[in-house]
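One chain, chain A, appears in both complexes that follow, with chain B as partner in the first and chain C in the second.
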Partner chain A sequence: MTVGTEAPSPPATAPARRRVPVRRRLTRGAAPWVLLAPALILLAVLLLWPLVRVVMLSLQDYRLRNLIRGDSNYVGLENFTKVLTSDFLWSTVLPNTVGFAVVCVVLTMLVGIVVALFLNTLGRAWRSICTAAIMVAWAVPAITGTYVFVWLFDPLNGLVANTLDALGIMEAGSWNWFDDRWAFYAIATANVVYHGFPFIAVTVLAGLGTVPRELYEAAALDGAGAVTRFRSVTVPGIRPILAVCIILSTIWDFKVFTQIYLMPGGDGTNRSVMNLGVWSYSESFAQGLYGMGSAIAVLLTVLLLVISVVYMRTLMKEDEL
Partner chain B sequence: MRTAASARRSPRRTAVRVGKFLGVVLILGVSLFPFYWMLSTAVDPNPLGRGASLLPHGFTLEHFRFVLFDAGFVHYLKNSAVVALATVLISAAVALLASVAVARFRFRLRTQVLILVLLVQMVPLEALVIPLFLQARNLHLLNSLAGLVVVYLAFSLPFAIWNLRGFVQAVPKELEEAAYVDGANWSRMFFSVLLPLVTPGLVATSVFSFITAWDEFIFALTFMQEGSKYTVGVGLRTFFTQNTANWGAVMAASTIIAVPVVIFFVLVQGRLASGLTQGAVKG
Partner chain C sequence: MISRRGVLSAGAAGSAALGLAACSGGSGSSDPTDKDANGDKTITLWIMQGTNAKTDEYVDALTKAFEDRTGATLKVEVQPWDGAHDKFVTSMSGGTSPDVAEVGTTWVPEFADAGGIDPLTKDVDEAGIGDGLVQGLVDAGTLDDELYGMPWYAGVRSILADRKILEDAGVTEQPGSWDDLLEMIETIKSKNPDIIPFPIAGSSIFAGMPFVWGAGGDIAKESGGTWKATIDTPESVEGIRWYTDLALKHDASTAAASSWLETDSLAAFQQGKVAMFITGSWVPATIKVDDEELFDRLVAFTIPAKDKEVAPSFLGGSLLCRFTETEEPELAFELIKLMSTGDLATRWAKETNYFPGEQKALDAVVKDGDELTKVFAQQMTEGGTTVPVTPAWGQIEGKKTLSTLFSDVLKGTDPQKAADSAASEMDEIFKG
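The block that comes next holds the complex of A and B.
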């Protein structure tokens, strides 16, 4: 095994590096960018440029006729003033979006962590069986999962209504809970938490495996109870993973669209259950007010970015990236 | 030894065992019940009359036959499969190259590129429906499967890059150097050393891209306005709005859509979990 001067692996010492010809140094400098180019171009064209475009649209009174003519119609911040001063935003849409997201994130995290801690106490076989089962809950697509929940809660023929009927609590078909804002969102919460907790559980479970066993033993020797062990060994050990889980589920739960849109009345026909995503969509594609829809979409994006940045600042350290 | 033996018989120990048993039953029950309810409705000859009964009335495949052949789901399945496979192949190739760049090279702006990849995952894609719809309309990409593939690439790429990066980093650098020493050039090393070793990661990532494309709803709803171009999600919604009370058929269609995804998920679960944490914590 002879290491020739031709070996392209970067030599460790400084004098050797100086001998690398300029051309090869350039190629080596360009190599990562060549590899990155397709991905960066796609992301720029498909994510960054539309992001710029949606901001531009939000400053216009862009309607179907502008779409057909292909012209622009700048009106400054008019859409934003309209949205931000509308009673509908503050009394309905924002509470629906924020309240729903907060409840979903808290519940998803709680259920996910409890399930992970529980799975961690099980033997190998049972743990695999349970993991496979919760994987099923995770895997069911949002579209079909939502229809299953709508069917379970069907006011006339669904399982829940008929169970309540059999128990004598209420008569099946007597009340359409999808019309009620609170009941609608309770069902949506069940759907979203059911769909979301497996990711948290599986990720936290994987994280629990990385916490050194000796730490628990040491804590137990020091007389720490289960709660103290959890607080001072488990939580710090899986903190980066918890941070990622909280960030991701907050983002997901703020922009929930499919699970709301596919519920009865959720597509914009029942305005009392609209959230930001559905409002933006229905302004654009049902009313043809693309400018207005874009302004709402921009608000949603800004809200998410602010939350993400605040989270990353507080929950993650630089070196964990 | 003596204490362990007596502990096994102690009531506290029994309580723990019963508690664990109940926990397992609860997890299995809650996780699988909606799926069971979907399956059992799909094969029930009279789902509307089922009431609170946990078992279906009987067994029939009529609902499946109806949605597949009369309601056109065979066609929707084909559209979805084409879109999902194209997304998987292109995004796997592009993401692998990018992840090698960020995992193996030290270059200026590397951290910034990583932050960018992380940040674009936070852009709510729902917010981009409007500009992308207008763009696709101008480029005559509405009602085209290719248009949808292009959009789904943007969805699956950031996660795929982030995820694959962990797998590429896990390959020992010494193996690459050994290949160079043996006279291989970069591309030779890539195909005979790196690629085989990151294949498990590639499989997990591809499954994820597949599921992203297969499950996606809002863009498919917006872009595909002709019935012949519907993907399964849009097909299901259209079918549901036209046959609201036909729960047997809706659940049969849901089963057809959900089963491939569930099978994929359960198959790659181990790799998926390790990939996620690698992406999350590896430096």
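The block that comes next holds the complex of A and C.
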């Protein structure tokens, strides 16, 4: 009976499906979009429109008077040609930005992972205490943290200079490391890594908890040492998390601004330490060349997009995407 | 005022007569002192934070005086200097600008050129308050023969020193030339090797410029409407070289100072590590709050030129500007008049330790002032000078062209070479 009644039903529903496809499909297709709409509209207003505006600005010679009068002044790709043909970009700004980001990402990831592994070996109480302690470093605003580093490294009165002085290595005030491109960036790196590693450590620590214990036991039984266990069990287990951490760190370290701008000479006075972020700010807000500043910002965005896509392709497997 | 009292005491019937009396004085259709018409009007004023420790009391007095005179309401908004430039810019473009605001002297040409603030020449002339203003401030606010801001207050930089350190070294005389200054520095250094005699702060351009000006050089010159950098002329370079050699050859400074701002020099001075340094006329008041003992030991000298006592020094300050967006230009100007002349102007200057923009008020402040005030006032009246009055200056300031010049030379770049690149950078900006 059941077979008898069910037998004709498939052909009955199938043509029915085919007969009203448009309406059904529309409602079915629309449902997710309707649900997504509030978020998408918000994103469009908050992110997409400013992005479009920046691109539009980057195609103009846009100054204070254009801003006040509300008119536009399109000049095509002039800003981009100026930036891309400038010696300053290739010899100073880009090497500073890229080199600094690479070093910072590598160091932040290394320190973050090592700290996470260390935290993972601790008991619950000590782990909470240590996690809280490093989160304090993370919670300090970039502006405050940078001032602390500037004070620590003050060439005349700073802790570092005076310690070196007491050890007889150098006389306090005899050398100004903020003037030197390499020393300047070494201090900035310490600052950025110090503020960046807690996030990585805590995220990786969370990831470590998801790797099944049995895998470690099995590996240990097979005679794998600590390094092999880390390479063959831990890394594959937390790969997606590592990938996200690397992408986020890269984006943060590429667009670093506060930590450079607030250091002595970092506001544009010392040209040899300028990076893309400070350059863009200096052109648009300090000098009122909003078009030029926007062009630099667009280049920075494109650079970050390219890097992110390359990362996604190489770090994540297809099915994880 | 007197005529109005006269009208009232004569018992003339209220507002009509008052209106008539007021009308006879004014030339325009809308009279700023017509109290009845102004009853529901509001004027917004922006002043900067931190200039006056007693801002609240001053604002109360100003609000009352303005309401007494015009009948309109005054709304004062105190703005922080940090980000003030951006705030002005966004308010001018967004149509939310105040009616009146104090604007830093170096921003006035930029805002005027962009069309954000009004020319005031006609109003100032009609009100008869155009004479006896401090010339340096008038120069700073004048673009294409139009005055865009009414001088409000000014400050200038001179040398401030710790008398005790100087007396220990036996040098307490005003230096009459560069040679005298160098001798002072060398004597202090030899008597007290641990002290920094005279820090050369690389990022403090207005500490360095008096030496460029004092050698007969300049930042840029205008001829026939176009500006050209003159920071690379032999005179200018001589000044840059002499000033930076104090650090590089004569050990007057410390390596740390090559990236110092003026505030860093002040901090080192307050710690007792510095004998004398170049700073603003408003600084002694700051020191007094922090350290009364040090304040009592302060002594000031004018910055010497190559072969005389007073070198030109940057005269900075604020002008009162009327914004083009205002709906009540007459009332707005009435407020400017009230603030920049008479008792309220003198009061502001006294409370802030700045110099008033009116010569008469300036004379009064100097007469009542202490020795320090007299030295700064001498520097201002004999040497007060300004940076190029062109909209391009905002961009040069933003690009840090001159700070880069001084700090590069302190890092070892040849002065002529550093000056050449600064000059070409400025010429590029002048071209637009």
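Here, the second predicted complex is superposed on the first by the 277 of 321 C-alpha atoms of A that agree within 3 Å, B and C clash if a C-alpha of one lies under 4 Å from a C-alpha of the other, contacts with A are read in each partner's own complex, and residues count from 1 in each chain.
Just so we're on the same page, contacts are C-beta pairs under 8 Å (C-beta built on N, C-alpha and C of every residue); 3 or more make two chains touch, one makes a residue touch a chain.
Everything numeric here is computed off the predicted structure, so don't read it as measured data.
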item	value
Which of chain B and chain C A:Leu67 touches, first, second, both or neither	both
Which superposed partner A:Pro155 touches (first chain B, second chain C, both, neither)	second
Which of chain B and chain C A:Gly265 touches, first, second, both or neither	second
First (chain B), second (chain C), both or neither touched by A:Tyr185	neither
Chain B versus chain C as contact partner of A:Gly277, first or second or both or neither	first
Chain A: partner with more touched residues, chain B or chain C	B
First, second, both or neither for A:Gln287, with chain B first and chain C second	second
Contacts on chain A seen with chain B and repeated with chain C across the two complexes	67, 70, 154, 157, 285
List of chain A residues in touch with chain C within their complex	63-65, 67-70, 154-157, 173-176, 178-179, 264-265, 267-271, 282, 285-289
Sites on chain B touched by chain A in the complex	20, 23-24, 27-28, 30-32, 34-35, 37-38, 41, 47-52, 93-95, 97-98, 100-102, 104-105, 107, 110-111, 113-124, 126-135, 137-138, 150-151, 153-154, 157-158, 161, 176-177, 180-181, 185-186, 211, 214-215, 217-218, 222, 232-233, 236-237, 240, 245, 247, 250-251, 254-255, 257-258, 261-262, 264-266, 269, 272-274, 276-277, 280-281, 283
Residue ranges of chain A touching chain B (in the complex, touch as defined)	1, 3, 7-9, 29, 31-33, 35-36, 38-40, 42-43, 46-51, 53-54, 57, 67, 70, 115, 118-119, 121-122, 126, 129-145, 147-149, 151-152, 154, 157, 159, 162-163, 165-166, 194, 198, 202-203, 205-207, 210, 240-241, 244, 251, 254-255, 257-258, 261-262, 277, 280-281, 284-285, 290, 293-294, 297-298, 300-301, 304-305, 308, 319-321
Chain A-facing residues of chain C, complex	86, 89, 92-93, 110-111, 113-116, 202-203, 254-261, 268, 271, 273, 394-395, 398-400, 403-404, 407, 410-411
